[in-house]
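Structure incoming, see below.
Going in written order, the chains are labelled A, B, C and D, and every chain counts its residues from 1.
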């Protein structure tokens, strides 16, 4: 392929991925509300379209036509900028997920991933922390005390759980001896998924993932019963929609990340890889929603304690054990 | 960039107005601002002038020297998702630690006590049910019992049993709302929906018996306005049979949940003596180890005939309050079952033509009954002069009604001692030193109902 | 003389004005300036009225004392109750505050102050509670008009 | 208390996921109200078309919300509206104030007013919530009422 062709192919590929993921995001918002409804003995949205399937369209319509205002006490520039940061970070992280391997389709070579960075895992972690800056800045820039408290909580939570998440992944990285997500996925293909050799790391990862995406029981930044909505209290209209988009996108992406690291990524028999990955992501998302339906919210200080005194020691221990096992040569 | 650089803003700021009001009120009486007024006046400065005035009126801020950590004042409510209605808490925060809480109430004040003085005793029933809207049967029960005491009137056995039945169902319904909303406030969403599912069945039953789901006027002076409808007992029995499993479900979701325990155990503890001194009653007091339950201590409407325990705990923390209330739900079911099994036959309202409306069928043929009916409805019955204070155990504690009569057809004075009003005073001592998140848990387990607090 | 009145008399001779029992409720009328001593005697004395269940007031414009305070005390172990009554006086009505004995009296007395205009000497925070801070008048006084909106009907007469 | 206690909640929510929702989709599905339910008021007629209400105002006296206004007038031979001496020339209920306690129904000695089962009473204006007599009253029978004493004599219709 000529360089021009490559660029065109990449643009098309990118558009397809973004399109698919954004429809998945729309689907996820309905699916979550429907599922939560069922978990709670009610129906969930059922007015917009058949079975409420057009609810995301209704939501978008509603949010777009709402008044877009900036509170008088806000820092106007940061207030506008803040909601964009998490969306950009989430979309950027998308390029790292291997949705499948290299395929020969329609006479051309199609790689079902955006980029294969040799330090993909690190970049992913960096991007996912970057998203939290939007929340923190937005909370601060609103000029509202509740938002400020929410932002402060988010900042603290980010620091604690980013470490736990990073450490939980180290075991996987040690086994596959690569920081490239594509390599990690390929290592598991046809072999043993890393969830089987790193179960503790998987649990720690899942907990940290819930914390990273600010969902119950870790939704302290918004905690609607304490801080009303925390960092996004003053946001409305499209800016609020952007925060929501980022939240759900990062939920999907972190599930994809988890599926790649621990569940073999696109690995699976008979069906094409991206379908397998989609199924695995769905399972993880279901778990996230199930947790949300069941658990109450942590208290701020307990959350910190849990992160620093439980998760980090466990994942460190996990690394130690992995290192010993690898050192003794069991892995090969 | 600092916050509040936008300069003076136009418009009406109710809070700024409140600050002025407080100072005016104090000036009129020629006194200094009281602590509560000072906090209300200083809570939020919206304009530079306001900020200067705030500094003048608020000693705490006037004392703020450079380097001294200033608390952050936040206004929780009157419209806030977890303040149970229109409770406003002005919270001084040091980081996330609560230094001081000042509850401000009165946003739902409707002057029910004043209105009662201008209605007949009979019409008063419809007013008092609306106070504590989660326990309407307790409200009317206290009211009608105090009027009955002034009249020295005997209530037939069946009416007493029906009252016990509905009061206990009401306790169950009220605790369900408490459990659901508390769960929601601490982030446990599902339990809220489960509790409301069951509570709705209770409201259905209330509708079946009284015609209204919430603000019943079913208890009348002398008994109940109607007999139980056919099929009611069977429905309630079916309900009591499935309810224990439902309570097991709530407990499965919460009791053993480590996060739930984390939020509740050891949070909001006051020793029993202090709670008593604050006048706190009900499950909050019982969770601190004082078995003060009027159904046992001073049995009324035949509670002495039923076998039930008064659940208590010794810890006095939020978790103990939670456990006590959940166990109370089971005890209420036990009482309901006993009432259903032993419901006596007989009239449901006393036969006292000077007070109770004559039976409807008599209006068709008895001139005397018709005259009584006209007199009772248009003028109301008279109550001998005197005063009576009757207290019953509402879901939230001691619900008292102090009725003063001057011998006329209207109450001279009705005062309702609402447990929420008194219990709410414990908020500040319970919350001090805890985290903001604890405040939510504490207010949730105090279970105030603002309709009752403000009356 | 009942136990309750005797205990008050022992603690503060001359405090009891009247006492009687009606409808099964014991009422002791004490002098307005002795209410704190009476309450303390009943709380600490053998009758053990540990819980102050209620403080309220009723307005009798034709009486010389006008504002009649009612304190309802209860013994939480036996359920025994007693009502203390005291007149606050027609002009400049005031009684002693019992917040030093029961901190829980705080809001109850604020409510009485708000609704009746009775002052409580020694109350730490005597301001309006149910009505807005700048409310004028005391709504539960008998001479305060009930007011309200006229009920709307069609113009047909 | 067991080791599994922290996880029991997951079982409860999962079990609920498999059960039928309890929500009632309101405008399409409605639960019937109970016989004692008190909703919209209605004024009744006798079978012969005469109004039951005799304008005694007992309902207005009983109403704790003072939301009933009755102005009575004498029946005349030329205009016989009710069965009694007088009838309600004006009968109005301000539904915005009504608390549905049903005291009017209890007060009425002639069963002229009852609270029926309809509960969808929202309106866009306050004025529309003031129900006048023609809104409240049961529609008159299609056939003009016949003279009670002379069945079937059309010449006496309207001159009772």
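As a convention for this text, contacts are C-beta pairs under 8 Å (C-beta built on N, C-alpha and C of every residue); 3 or more make two chains touch, one makes a residue touch a chain.
As the structure is a prediction and not an experimental result, all values here were calculated from the model.
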| item | value |
| --- | --- |
| Innermost chain, taking as reference the mean of every protein Cα atom displayed | B |
| Top-ranked pair of chains - ranking by C-beta pairs in contact | B-C |
| Chain centre separation in whole Å, for subunit D relative to subunit A (CA means) | 57 |
| Inter-chain centre distance, subunit C versus subunit D - centres from mean C-alpha coordinates, in Å | 44 |
| Length of the line joining the C-alpha centres of subunit B and subunit D, rounded to whole Å | 32 |
| Residues within subunit D bordering two or more other chains | 9, 12-13, 16, 22 |
| Residue numbers of subunit C (touch at least two other chains) | none |
| Residue list for subunit A, restricted to those that touch at least two other chains | 39-42, 293-295 |
| Each pair of chains that touches, named by its two labels | A-B, A-D, B-C, B-D, C-D |
| Touching residues (chain side subunit A, partner subunit B) in the complex | 36, 39-42, 72-73, 75, 143, 145-146, 149, 216-217, 219, 223-226, 228, 292-302 |
| Interfacial residue positions of subunit A with respect to subunit D in the complex | 35, 37-43, 46, 290, 293-295 |
| Complex contact set, residues of subunit C against subunit D | 151-154, 156-157 |
| Residues of subunit D defined as touching subunit A within the complex | 9-10, 12-14, 16-17, 19, 21-23, 25 |
| Complex interface listing, subunit C residues touching subunit B | 22-25, 27, 50-54, 56, 58-59, 70, 72, 74, 76-79, 81, 83, 102-108, 111, 115, 124-135, 139-140, 144, 146 |
